[in-house]
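As C-alpha cells, here come the structures.
The same subunit A turns up in both complexes below, where it pairs with subunit B and then with subunit C.
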Partner chain A sequence: MKSDKVILSGKGVTKIFGFGSNKTVAVDHVDFSFREGEVISIVGESGSGKTTLAKILLGLLKQTEGEIYFDGQLRDIRSHSKKKAYWQNIQAIFQDPFSSYNVFRKIDAVLLDCIRMRGGGRLPYDKKREMMREACSFVNLKFDELTNKYPFELSGGQQQRLMIARIFLLKPKILLADEPTSMIDACSRATILDMLMDLRNEVGMTPIFITHDIGLAYYVSDTVYIMEHGKFVESGSADAVILHPKKQYTQRLLSDVPKLHEEWDLSTV
Partner chain B sequence: MSKPILEVNELTTNYVTRFGDKIFAVDHVSVKVDDGKSVGIAGESGCGKSTLALSLMGYYFPPLYYASGDIIIDGQNISGMDPDVVRKTILGNEISYIPQAAMNALNPTQKVIHFIEDVIQAHYPHTPKKEIYELARERFELLGLPAEVLQKYSVELSGGMKQRTVIATSVILSPKVLIADEPSSALDVTSQKMVIKMILDLMEKGIIKSLIFITHELPLLYNVTDDIMIMYAGQIVERGSADEMVFDPIHPYTKALMGSIIVPEEGLRDVKLTAIPGTPPNLKNPPSGCRFADRCKFVMPECRVRSVELRDIGGGRSYRCIIPEEDLRKAYKSEKR
Partner chain C sequence: MKLMLKQVFGSGKFVIGFVIFLAILLTVVIYPIFVPDAPLKIISRGTFLSPGIYVNLYDSIDSATRYTLITDDAEARRVAGRLSDEDRAKMREWLIGNGVDEAEIDGADTAQLLDLWELNFDPTVRLPGMTNADRNYYIRLTASLEGLLSTEGATIASTNPETGALEQSDIVNQTDYVHVNEVANSRLFILGTDNFGRDVLTELISATGVSLTIGFVAGIVATSIGLVLGLVSGYVGGMVDQVIVFIMNLFTVIPTFVLLILISFSIGQESRGAFTIAVVIGLTSWVWTSRAVRAQVISLRNRDHVNLSKLSGHSIAYILAMDILPYIASYVVMALILQISSGILAEAGLSILGLGPRTTEVPTLGLMLNWAMIYQAHILNKWWAYLPIILVIALISFSMNLMNTGLDQVFNPALRD
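The block that comes next holds the complex of A and B.
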C-alpha cells in the first residue's frame, strides 16, 4: 500500500489569529510530509491546533506563513475553480455528523452531488442509482430505505456512515478525518474505523486522522504526529511513538488514558 | 456483610409517545449498591442507560412514567413518590446526579457561589449566606479546587474546571448516592483524569457513600468501578466484577463489546476489532424472545421464542442467555485460534 511518493507536504506552516497583544499562534512552523497510502494520525489535546491545521490542509483557512505542496507542486487554490479542483483530491469527515449536512437537502441530493463532482452528472439516472446503491451497501446502509429521506432522520452512527458513502463515491486521494468517532459510542466506533480502512484499501487513498484518542491513533495509523501548542513535539511510526515515547508530553498523554493491563495512576494530575 | 445503600428491585419505567404507545426503556432492572462500592453501567447509545439514571432518582416527569418496582435508598422506599416531593427532599440530600454536559448547568450571568446558594436554599431556605460560603469554601478546598472559583462567572472557567465545579456543587449536601452519567465524555484525556480523580476522592473522603457510573467507555469503567453491568435494549444482560466482565465475559453481547475496546497498549494492532452487525431492536415492539437474538452469533431458533431471565451463577455474577456458560466460554476459546 505504502509508496515513497510524497502526496502532501508542508514547510513552516504557521497560522496566527489576531494581532498585536491579542496574537494567538495556533499552528507554529510545522513541517510534515505525508506519503501516498500511508495512514497518518495527528494527536493532540483540545486547543493544540490540530483542527486549525486540518482546515489549512483542506484550504478552508489560509496559512499566515509557510508553503503546502500537493503532489509535488506548490498548492494553488487562489481561485474558486482551482479550489474546487483541489477538493476533488482532498475530502473530509468531521466530528459532528449532525451539523455536517444541509438540513434542506435529501440524502439523494447529497449523493448525487458527489457523482456530479466526479464528472458523472450526465449519466442516466438508473446508472446513478446503481452507483448510490453500491456506495450505501459498502457502508451497510440500504439505499432503498434512505431515498427521499433527510440526513437528520438517521442516527449519528448512520449519518457518519453516509459520510463514508460520500467518500466512496468521490474517491479522493486524501481523506481528512477530524475526530470521526468521538461523537458516537464505542461499539459503532469499531464499525466506522473498519469501514474507513476498507475504503482506503478499495480506493487507495491516504487517510489523515485528527484525533485526541491516542488508542485510536495507535490502532489505525502507520505514522503518528503528536501536537502540542501548535508544534509537532514527536513523530514517527506508531509503535515507536506510542509504545516507546521519548518526549515527556507524549508520556503524560499516554499515562492519562485509562488502560486495561496497566494501573491507571491517578496521583499525577 | 455491608448493607446496601441503594437497592432497586425489578424497576420498570416507560415513556409514552404522543400516539399513546408505551416504550419500556427500563425493563425489570435490579441494582444493588453496597456502602463504599461503585457500580458501572455500560451499553450502546439508546440502550436506556440515561433513562435508568433518571428512574433511579425517582425523577418522573412526562414523557417518562413509573410502572413498577421498588427503589430503596438507605431503607427509604421512594418508588411511586410524587416527583415534586422527590425533587425537594430526595435529590441532592439522598441521591445526586451529574449529567453529561454538566458544564452547561452553570448560569453564565451568575457567580458560582450564587449557584451554590440556590442549591442549598432550595432544600434549607433561610440558611445564612455566610454559612453557605464557609461550607462551600471548605468543600472546595477539600476537593482541591481553588476557593477563588466561587467568586467567578462560569465563562471564566475551563471545561474541566466547570465540570468539577458542578460536581462539587451537586454533592454539597453530602448525598448517599451519586449518579454520574458520562461525566467525562465531553472532555479530553487530561481533564477527564482530573474529573475521575475528584469523583473517586468523594468516595474516599466519605462525602458520598456509593457511586453509579454510566459511560460507554469500557476501559474507563474498568478503572473506576468495582462492578460492571451491561445494558442492552432496556435490560441488564450481564453483571459481575470489573475484572471478570472485562477478561472473562459470558454473554455474547458483553464479549462483542469487549472486543471493540481500543487502548494504546501492545498487541492492539494485531487484533481486529469486532463490530456488532445490525442495530438494537425498536423498543416499541420488542422481540418476544432474547432481545439480542438478531445480532447474536450463537443464535438458535429457541432464542427467538423463549424469553430469557437473568440467571444468577453465584459470586455476584449473572447473565441473560439460554446457552450454558461453559459452552459460551468454549466457543470464545475456539474462536481465538
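The block that comes next holds the complex of A and C.
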C-alpha cells in the first residue's frame, strides 16, 4: 500500500492572521512530505493550528509564506479550473457535520455534485442513481430512504457517513479528515474510522487525519506529526513518536488520554 | 420553506401588518374598477368642497317623485340653517347698540327677534366702531331673512317661449321631499375635494398606488445594488472589497437626503417622472443594505458548508447564489420591506420640498401633501385635504414596520419571547 512517491509536501508553510499587535501565527514554518498510500496523522492541542494547516493544504486558505508541492510540482490553483482540478485530487471531511451541509440543498444534490465533479454530469439519471445507491450502501445508509431528504434530517453519525459516501464517489488521491469523529459518540466513532480505512483500501487514497486525540492517531496511522503552536515539534512513525516520545509536549498529549494509554500498555507490552 | 411560512404567519405582529398592507393594496387595485374616473380630473368649480353628498338641485326639483313627510322639527332646522346663533348674537348686538332695551330681546324667539329687527334696523345707521365689512354683513343678513318664517311653498316659474312672460309651473312645498337615489345626479365626495376641485378620495387612492410603486421600485433598486455590492465585497474580499467599502463609506458620510435633493434638483422639473424619482431614491439609499449584507457574508464565507461547496467545484456565482444568499434571504426580505417604506417616505419628503415627480401626470402622496400645503389647507382647516394622506402614509409605514418586527422575531431567535 505504501509507496515512496511523495504526493504532497510543503516547505516553510506559514499562516499569519491579523496585523500588528493582534497578529496570530497560526502555522509557523512547517515542513512535511506525505507519501502516497501512507496514513498520516497531525496531532496537536486545541488552537495549535491544525485546521488552519488543513485549509491551506486544501487550498481554501492562502498561506502567508512557503510553498506546497503536489505530485512533485509546485501547486498552482490560481484559476477556478485549476482549483477544480486540484480538488478532484484532494478532498476533506470537516470537524462538524452539522455545519458542513447547506441546509437548503437536498442529499441528492450533495451526491450529484460529486458525480459531476468526477465528470459524470452527463450520465443518464438511472446510472447516477445506481452510483449514489452504491455509495450509500458502502456507508450503511439506504439511498432510497435518503432521497429527497435534507442532510439536517439525519443524525450526526449519519451525516458524517454521508460525508464518507461523498468521498466514495469522489475517489480523491488525498483525504484530509479534520477531526471527523469529534462531534459524534464513541460507538459511531469506531464505525466511521473503520469505514474510512475501508475506503482507503478501496480507492487507494492517502488519508491525513487531523486530531487532538493521540490515541486515535496511534490506532490508525503510519506516520505522526505532532503540532504545537503552529510548529511541527516531532514527527516519525507512529510507534517511534508515541511509544518513545522525545518531546515533553508529546508526553503531555499522551498523559491527557490516560485510559487509552493504559490500554495500549496492556495490548503492546 | 413551508415551515418558515407557517412560522412567519404564526407571528401576530407580522399578520396584523400584512393584513393592513394587503387591505391598502386591495383598495388600490379594486377602487378604480368601481370609480374609473381619472384621478386628476377636476370635478368641481371652487376649492375644498367639504366631504359629503352633493345633490343636483335642478334634478331634484324637476324629475323626482315628491314625497310628503310630516316632521315636527323641520321648521326649526330650516330657520337654524339660515339664521345661526352667531347671526342672532350679532343682531342682538346691533339692536342694543341702537337703544333697544336689552330685556326686551329674547334671542330664542325668532319671530320676536325678526319683528324687532324689521322695526329697528336701518342700514344707513353706523354704530361706533363698525367697519364697512360689518355693515355689508348686516345688509346681507337682512336680505337673507326675507321670508324666513313664511309657510308658503316656493314657486317655480319658467319663461313662455312665445310671449316671453314668466309662467308658474310648479310649487315646492315646505313638506316636500325627494329620495336622494331618485335624483338623477348626485355625487358623493367621501373626502371632499382638494384645492383644484378634484375628488380627494379618488386622488388619494391613485396616489397611494403610485407611491407604493415608487417605494417598491426604489426598494428593489436599493436592495439589488446593496445586495450585489455586499455579496461581492464580502465574499471576494481583497482589493475589490476595499474599493467597494470606500464607495460605501463615501455614501455613508454624505447625508443621503441631501444627495437626493441635489440629484432631483439637477435632473430638472421636465424629466422628473415618478419612475425616475423612484430610481434616484433607490440609487441613494442602498448603502445600509450593502453594509449589512457584507457583514453577514463575511461571517458566512468561512463556514464549512461554503468550503464543501468549493470542494464540490462550484463557481463563485453559484456559491453566492446557493450557499450564501439563502442564508441571508430572510434578512434581505426584511431590508427590502424597510427600503420600500423609507422609499415612500423619501418621495413624500422630496415632494413636500417641491422636488418630487412632475405634477401633471400622476398624484403621489407627497405631491398631495405638497398641494395641500401650498394652498394652506391646514390653515383653512380643510382637514380632508391633508389628514387622510398623512394617515395613509403612517398606515403604510406602520404596517411595513410591523411586518418587519414580526419577521425579525421569527428569524432572530434572540428576540423571540
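Just so it is clear, the second predicted complex is superposed on the first by the 259 of 269 C-alpha atoms of A that agree within 3 Å, B and C clash if a C-alpha of one lies under 4 Å from a C-alpha of the other, contacts with A are read in each partner's own complex, and residues count from 1 in each chain.
The working rule: a residue touches a chain if its C-beta (ideal position, glycine included) is under 8 Å from a C-beta of that chain, and two chains touch if they have at least 3 such contacts.
Nothing here was measured: the structure is a model prediction, and the numbers come from that model.
With both complexes brought onto subunit A, simultaneous placement of subunit B and subunit C is permitted, the two fitting side by side without a clash.
Look at A:I7: by the touch rule set out above, it reaches neither subunit B nor subunit C.
By the touch criterion stated above, A:I208 is placed in contact with neither subunit B nor subunit C.
With both structures placed on the common chain, the touch criterion links A:R105 to subunit C but leaves subunit B unconnected.
Of the two partner chains placed by superposition, only subunit C is touched by A:A92; subunit B is not.
Set against each other, subunit B and subunit C differ in how many residues of subunit A they touch, and the higher count belongs to B.
In the superposition on chain A, A:L58 makes contact with subunit C only, while subunit B stays out of contact range. With chain A as the common frame, subunit A serves as the apex of an angle whose CA-centre rays point to subunit B and subunit C; its value is 80 degrees, to a multiple of 10. Here the smallest spacing between CA atoms of subunit B and those of subunit C, following superposition, is 14 Å.
By the touch criterion given at the top, residues 45-46, 140, 155-157, 184-191, 193-194, 212-219, 238-239, 242-243, 252-254, 256-262, 264, 266, 269 of subunit A touch subunit B in their complex. Of all residues in subunit C, only 303-305, 307-316, 322-323, 326-327 touch subunit A in the complex they form.
Interface residues of subunit A facing subunit C in the complex, by the touch rule stated above, are 55, 58, 60, 80, 83-84, 87-88, 91-92, 94-96, 99-105, 110, 113-114, 116-117. By the touch rule above, subunit B contacts subunit A in their complex via residues 44-46, 159, 188-190, 192-194, 196-197, 200, 216-220, 222-224, 246, 256-257, 259-266, 268-269, 272-277, 279.
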